[in-house]
Amino acid sequence: MSKYSIILGNLGNTCDRFLSSGYKDELPKETLIRQASEIDGVEGVELVGTWDVSRENVEQVGEMLAKYGLKCVSIIPDHFSQKRWGRGSLSAKDPDIRKQALEYTFECVEMARQLGCKTLNIWPGQDGYDYILQSDLVRERGWLKENIAKVAASAPDINFALEYKPKEPRNYCFMARASDTLLLAKETGLENVGVCIDTGHAFVAGENVAESIVILQEYGRKLFHMHFNDNYGAWDDDMIVGSVHFPVYVETLFWLKETKYAGWLSMDQYPYREDGQGALRESVEFLQMIERRLDDAVMQELRALVSAGDAVKTQRWLRKTFFK
Amino acid sequence: MSKYSIILGNLGNTCDRFLSSGYKDELPKETLIRQASEIDGVEGVELVGTWDVSRENVEQVGEMLAKYGLKCVSIIPDHFSQKRWGRGSLSAKDPDIRKQALEYTFECVEMARQLGCKTLNIWPGQDGYDYILQSDLVRERGWLKENIAKVAASAPDINFALEYKPKEPRNYCFMARASDTLLLAKETGLENVGVCIDTGHAFVAGENVAESIVILQEYGRKLFHMHFNDNYGAWDDDMIVGSVHFPVYVETLFWLKETKYAGWLSMDQYPYREDGQGALRESVEFLQMIERRLDDAVMQELRALVSAGDAVKTQRWLRKTFFK
Amino acid sequence: MSKYSIILGNLGNTCDRFLSSGYKDELPKETLIRQASEIDGVEGVELVGTWDVSRENVEQVGEMLAKYGLKCVSIIPDHFSQKRWGRGSLSAKDPDIRKQALEYTFECVEMARQLGCKTLNIWPGQDGYDYILQSDLVRERGWLKENIAKVAASAPDINFALEYKPKEPRNYCFMARASDTLLLAKETGLENVGVCIDTGHAFVAGENVAESIVILQEYGRKLFHMHFNDNYGAWDDDMIVGSVHFPVYVETLFWLKETKYAGWLSMDQYPYREDGQGALRESVEFLQMIERRLDDAVMQELRALVSAGDAVKTQRWLRKTFFK
Amino acid sequence: MSKYSIILGNLGNTCDRFLSSGYKDELPKETLIRQASEIDGVEGVELVGTWDVSRENVEQVGEMLAKYGLKCVSIIPDHFSQKRWGRGSLSAKDPDIRKQALEYTFECVEMARQLGCKTLNIWPGQDGYDYILQSDLVRERGWLKENIAKVAASAPDINFALEYKPKEPRNYCFMARASDTLLLAKETGLENVGVCIDTGHAFVAGENVAESIVILQEYGRKLFHMHFNDNYGAWDDDMIVGSVHFPVYVETLFWLKETKYAGWLSMDQYPYREDGQGALRESVEFLQMIERRLDDAVMQELRALVSAGDAVKTQRWLRKTFFK
């Protein structure tokens, strides 16, 4: 069985542009951490900068994690929730903002070390553009690459998983798809820069997740991290795993195994109006239900099926194998 | 258990714009009919005009159906595969084409009667437009409604199920969504004009199928027919049921029962590169797997779940009820 | 030239789920109103409940509008930005919430009367569902219709423009498309219930705006209001008019004239990172640039073009008529 | 002014899966070539294998092109319109089919040399998969890369432009997006392997064309070829340039100039129901209208605009610069 984790903030309050105060109430951090620890199979959490962790509280957060027996799987630097990053962080047009973003990212490296965490999951959601002819594409994409390279070169003990997403909060984000993000990672020339797949972001990008996994692994073993959720295909709805799709998760877990991915399976949802703990637990249990079935014999059957490529046979096999 | 049927042509050859000769070989009509009859649970077929049935062969087709114990569930008049309909049929700008389309549709009524078939499934795929400012929207939509009303008024013994689809072969089809097609049906003022939902067309339209069912049934009991298939959401891929999505089919069958739909569940796929019979059989078995579970007790559970609306609880229920 | 208006809040701060404090600073209400009045051609504003107007400040807002010579074009009741509406307002599962939503809507009617405003623009964005099998579709859609009918029946002096949008903030909103919203409006049986088209919402719904206009006007003269913006097609990006598309706005204005729409052209944008006044002004000027060209002679040319339907000719005409 | 070309087959008959005999009549090859030569500004044509050119007629085609003063800009090997490629060509599961595809591609190299043509535009549309768990992703993607490398290594005098498209005719094509195709090109390690952007394919992939141009040029000067058309965003509608979008073509031409693209601007459309020659001419004239305006002064203005990134200012500039 893989290692499972969750993003801590998924347990807390969530808002959107219409209901900015959020759909639920704020909970104390320790409650969130305790709730995480109560989900069977979950061994770690990811912490979002500002929201979950900062220089001020990092020690205290570390103690709480220790108390509840949870590892810090990654820190996700806050490159998106502060007004100063509104028009970009590591690739902002304003050199002073870029400098601040760089300094802040170095800070996150320090926090990671303090927490014994090996991964920074970089999601520069504000880095991109909204309108046509709004970005100096060559220079801004260049700044993004250079700044990531600067931090990563200075911290060879930390893995940098670049998380892509085609849009939101910008209409076009620079790290948009698996392959363009892989290209950026490879351009840094650094071994500790790779990519994070969020299944929902991949759906929105029109990608078949399994193929993105294969591309990242075949072109340099660059799959560093996995986020799981589900959506209807057009937007990052951040829903419970399996609430819309089914076979894609079987294929995803199959290729993770085939390509020897050894990282975490982390839940990343936005349960706006649902019980957060329940929503995360259900996702973990859904994936574990599939994973439990993928023993050696079934893996061998799947290898034969993808090799033959007979869709009728495969659909029948899926039905007989997974459904009552 | 519901009544299941298939569209006969799904068993034959299929082509696309790049491989116009088709991916498979042509099979004799009797082979197609025999194959249909061999699928467990399938009691009827739908026949497409020109492709499957015409004035010339209708008697012979009827005899073959009888020989293999199949009902003719619907005739789908060919308003799409002839060069003369290339710029529209019942709503074409050319009055002579509209006249031909009308006459041809009357012919189909006669064929239906000859085959003891109660439904014409009208899919005027060429009626619409490709470019902005290409259609005189008021007049052309008017012609479509008038011509459908003319045929339907003359044949009160036949039900006219209007099948909607947002695009393809036109970039914009006039019968595009459940509700606009219902509006058109209601404007005819005729009881025997209703709507056919194709699940894949509904996905492409961004509809939740269950809600389209409810709209059609609540606003006049106008759900006349159902076509089933699956796709990835952006295009009418016409795939095996359940090969992409799962919970949506549970909800669909639940609301069909709740709204007392008594019509056929018909498979409508395009197994370009697959074994046609196998692809259709798998769809039927997938739906029957769900349907078998929807006994009175489970229906009662589902009523409680939709009434409560707790997504976590419902996802758990789906997992426990349907998966091993 | 048509009457132009804007939604007041577009001039203020805007946030999203990642940057909940917003991308800009809050401005005093009078500044917003003054800025609206400074946009050439803008004669009115729409006010959003809670954000712009409430029982407490309605008189004061009226005075400010008078001071700056602006009409109140519509009130948009706040059915979306309060925690209590998080799981629905007029169709919430909780009867007490439905009652509160109804009472609040009556309040908005009173505010409209106080401001001499003839339209309530109803956008119940929280009314819908996120997950499959989460909604009791028959009952909840029924409550929505009944509650709208209750308010509208009690206020025949006010027009109720129902604004549709396929998703956001719910994954599926009950008022999703032009035609289903028209059906709901017609089911109320009330003359003062109609529909508002937001061009961006129509794009997301896969509609061609002109066809939605024609459907609403032909099936009962039910186009009550128009919101304008632009987007990339998959999401309600709420951008400056003409920043992505062009010909669709020509066709839209053409059919508004042809179907004798006499209402307002109102700008509805979310200029997250842009100067609000500038973004709205640019949209107004873009539409006026087109409208100015649509004199009698050009309207006659357009009638001939849509009647002929020759896309090559029409594209050439668009280029010669609008571009330098 | 750039060099303009067209794909010859765009002038001929076009079909789709419903009307397989096509919407128009077949025209003699010489008529197509003459029509191409009549479009002002068009200096070359692209030839599709099987449809336009084969070993049998290559000499004769060369003579016709000479007679009408047209260059052969590229040959597009037919990896998609023959039954034998129905389940893949260069990456087919069947080793014999792969061998045939390889041999056929070598043949196309010979044809290119005979016609003095420097580019093979490779679009292996059948290489991919339709269903989840249908492809042995590692091996099949590997075969595709190896076979392309084999041909390209053997023909250093020819450029291989790999044309990507997310779907159709397969639900998932292996060459799906700019960046994954660039990765594949780079993995071959060959200088003469690059990428072709089709604007419509990029739209369907959710890409902003200008950013794809920049990625390809910045990561190795790999933009080898450009195809132009327009669509509504969700499907490869292959429409006249500018019939849906406008600013994106300005940005595209700007960045082509900025990144010193020196290749052809080739029209690639499917005018199913339109006059082919007129549809192509209109696209060429639309692009030339923009290009004519991009003189040194305007390029300088655009550089300032993308550097500043003020969308309001840029939209105003676009309106003032291009519209009457």
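The letters A, B, C and D name the chains in turn, as written, and every chain counts its residues from 1.
As a working rule, a contact is a pair of C-beta atoms (placed from the backbone, for glycine too) under 8 Å apart; a residue touches a chain by one contact, two chains touch by 3 or more.
Not measured: the values here are computed from a predicted model.
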>> Measuring between Cα centroids, which chain is at the maximum distance from chain D?
In response: C
> In angstrom, rounded to a whole number, how far apart do the mean CA points of chain A and chain C lie?
Replying inline: 36
>> Distance between chain C and chain D based on Cα centroids, please, to the nearest Å.
In response: 40
> Hey, what residues on chain B touch two or more of the other chains?
Replying inline: 87, 130-132, 167, 206, 232, 234, 240, 243-244, 247-248, 311, 315
>> Chains as vertices, touching pairs as edges: which of line, ring, star, complete or other describes this one?
In response: complete
> So in the complex, which bits of chain D are touching chain A?
Replying inline: 87, 93, 129-138, 141-142, 166-167, 172, 176-180, 182-183, 187, 204-208, 210-211, 214-215, 218-219, 247-248, 250-251, 254-255, 258-259, 302-303, 305-309, 311, 314-315, 318
> Any idea which chain A residues touch chain C in the complex?
Replying inline: 14-23, 80-83, 85-87, 125-126, 130-132, 167-169, 171, 232, 234-235, 237, 239-240, 243-244, 270, 272-273
> Okay, in this complex, where on chain B does chain A touch?
Replying inline: 206, 232-234, 240, 242-248, 271, 274-275, 278-279, 281-282, 285-286, 289, 293, 310-313, 315-316, 319, 321-324
